[in-house]
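All chains are identified by letter, namely A, B and C, in their written order; residue positions are counted from 1 within each chain.
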Amino acid sequence: MAQEHCTNQGECRTGQFITLLALGGLVILGALYAFFTLEHHGHVLTGMNNQVVWGLPHVFAVFLIVAASGALNVASIGSVFGKDVYKKRAPLSGMLALALLAGGLAVLVLDLGRPDRLIVAMTHYNFRSIFAWNMIFYNGFFAIVGLYLITLMDRNLKGWSKPVGYMAFFWRLALTTATGSIFGFLVARAGYNSALMAPMFIIMSFAYGLAIFMVVQSSMYYWNGLVLDDGVRRRMKNLLAVFVGASLYFTVVFHLTNLYFAKQWDFERFILLDGGIYTQIFWIGQILLGGIVPLILLFMPRTQDAQKICFCFLAPLLVILGGLAQMYVTIIGGQAFPMQMFPGHEVTSTFYDGVVAQYNPTVYEWLLGIGGVGITFVLTVIAVRAFKFMPQDDFHVLQMRRSTD
Amino acid sequence: MARLANWLRLVALIVVAAFSAAATVPAAAGVDLPKIEKGKGDKCVEDTQFMRRNHMDLLKHHRDDTMRKGIRTTKHSLKKCVECHASEKSGSVAASKEDFCAACHSYASVKLDCWDCHATKPGKKPPTQLGQGRVQMQSSPLIAATQPGESK
Amino acid sequence: MNDQINTNSVEAQARRDFLKTGALVVGATLAPGVLFYGVAHSRAPEEAASSDKRYGLLIDTTKCGNGCNDCVTACNTENGLSGETGPQDSQWIRKVDIKDLRTGYVQSLPMMCQHCENPPCVDVCPTSASMKRADGIVLVDRHTCIGCRYCMMACPYKARSFVHEPLTDQNPEVPRGKGCVESCTFCVQRVDRDEQPACVEACNKQGHGAMIFGDLKDPESELNKALKSASSIEVRADLALNTGVRYQGI
């Protein structure tokens, strides 16, 4: 019976599909359990405190939101920059962007102290607040990318896809600028307070979004028993390498700038040398696993026979891990470092002034954070099954192009 | 989230529909009105019927005036409501199901979040209010027309 | 009415005096029989806080007792705080001990919301729950606070606390509850009755007299006289927030 609705063989594995849904649903249930528990007992059950006010849920939320705008990049390269291979992937890219944003926002909202007052956040805007602007950008992103998806998938509206694609492209740049500026505009803390935050978040969003896109794409091809064309794979892998390299570059410039300013030395020593867990996550997570190893995997010279090996799953997976590590170091490391109110003085108080703040995430925070990933996962699985998001490459054209490469 | 909320609403609707269908028969026999514990005031600052319909607007207006502008008149202040309406038994407006605020709100099933932050009991020692002389002055002929019976 | 008097005044130096007279005249004409106490200084309950005032606090660290914690205790009692000092407990005011790393000179001082003229917490708040009253007191409107904690990220003084647990038996004058951010209010409920904040009162009671509270816009106030007589600083002056709380002796 279900056979009739299949557009290709992979979509008929209903049992496995339901298993995936159930797994995702379980993760979401976990997040809901955490949410209702926290709503009842308060944030006392989390590891967050008056020193580290944004914890693990924000790490996941900001990562997902940043990756959402990055995932749209594939579509933008197609619509705005006219690359055909990417144009074929535009619908999948747009859908992923929406799913990622939904997951990220859900975590952000569920972690509020008063989530029941979400309506207040939507009706009282302080336009001096970059946070309020972010809410406008998020809502607009849903609308514009939704419209963009429609123009991409409706034959009659195809003509609109380019102008709407442009709009989506500029909107997403504005959105990531605003997200980066949430940290960039914090004058108080040594770890933030930099104009570099916005462009750095944009370049990182390119890397994280493309990495997630590649992981999803590889899974879809595998699910359907197909193999992605070598040429397409090579292009995407090179693009990912460029983005990862650029992210590393921005990280280096960010820290070099800080190292040049004497007043920032203490903070740099904390992140780069003696910050304990934050130093470890920075070097091992963000730099090594999230940057250098993927670059090696992607650029490893291959013999003619080994051309097929691409690491198109493993390398982007590492980039995603590195992205979460980066968010942890940026968000939590930045708060753990004590604020300098009296330079040149040793400071002590009952309110943990002058000491590195302690933060140990509890199970509720993990459940909330991973729940966001679960929401993205479930939305993606349903969308991919219900609509035609599988990239439809024109293999004839690809063949021709390859011969002229 | 929105999707989930809609589903939840649908489920809630079905549950409510089922319950109200089941409750139709006994309800037709006559509804019990909320039982309210006695407080200490004999009449409210406004007419009872007016208060029943408009207390939330008065409170909200007053709350913004006090919070944002520092206007501290007492006529429509929540603190003064509590001072009068706290029940003789529990000394609170929301400690038991029959205390003033809780009685009607649980009857009408309207959730309140006032008491997340505001005290449900009057202060132990009433603070030396500089405006105390003023309270009397505010008593207008309007209030004299207030119908008694709110406490019953 | 103030304006009229001002424009009529020829001598610029006499302006302040005229303002005062203006207040008297306003009071006398607008509310005869109502304003029967504290004419020029105290504000009537129905009168909104005015930007003719800006409340401020001067703390003399040389007078602040090392080891004395009376301001903190008084604050906790007045505002109904538990007084516990775990990482998740609220502290509106705290004693900070600082030691100069070069000279070894040790000082102790109270730290709380600095009631900035340009408060970062107000700038970043998405719902305008974080607000500055006309008379310069920085407050959190718990009715619109969604508990996002962005203000806590933005505050350079770590002045704010988040309520991590449900609370009961609050002080009726100081509502506070789970899921919202809070901080020193200059004891706004007392200030509105023309009293001093609890910490200042406690400090004076102890005989230290390290804290002077008053109106920064009134040149005759004790606060302004003290500010004029000796040098004072604002903490993190590099941020140019023009704090309402200033320190002497650091």
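Heads up, the rule we're going with is that a residue touches a chain if its C-beta (ideal position, glycine included) is under 8 Å from a C-beta of that chain, and two chains touch if they have at least 3 such contacts.
No experiment lies behind these values; they were computed from the predicted model shown.
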Comparing B-C with A-C, the one with more C-beta contacts is A-C
If we define chain centres by averaging CA atoms, which chain lands farthest from subunit B? Would you check?
A
Whole-Å gap between the CA centroids of subunit A and subunit B
46
How far is the middle of subunit B from the middle of subunit C, if each middle is the mean of its Cα atoms, in Å?
33
Between subunit A and subunit C, what is the gap in Å from one C-alpha centre to the other?
42
Which residues of subunit B are in contact with two or more other chains?
none
Quick one: which residues in subunit C touch 2 or more of the other chains?
166, 178-180
Check each residue of subunit A and list the ones that touch at least two other chains.
none
Which residues of subunit B touch subunit C in their complex?
63-65, 67-74, 79, 82, 116-119, 121-123, 127-131, 133-134, 137
Contact residues on subunit C for subunit A in the complex?
85-91, 94-102, 111, 120, 122-129, 144-150, 152-158, 160-166, 178-181, 235-236, 239, 250
Contact footprint of subunit C on subunit A as seen in their complex:
41-44, 48-51, 53-54, 112-115, 117-118, 120-121, 124-126, 128-132, 135, 182, 185-189, 335, 339, 341-342, 344-353, 357-358
Help me check something: in the complex, which residues belonging to subunit C touch subunit B?
34, 36-38, 42-49, 131, 133-135, 139, 141-143, 166-167, 169-173, 175-180, 188-189, 192-194
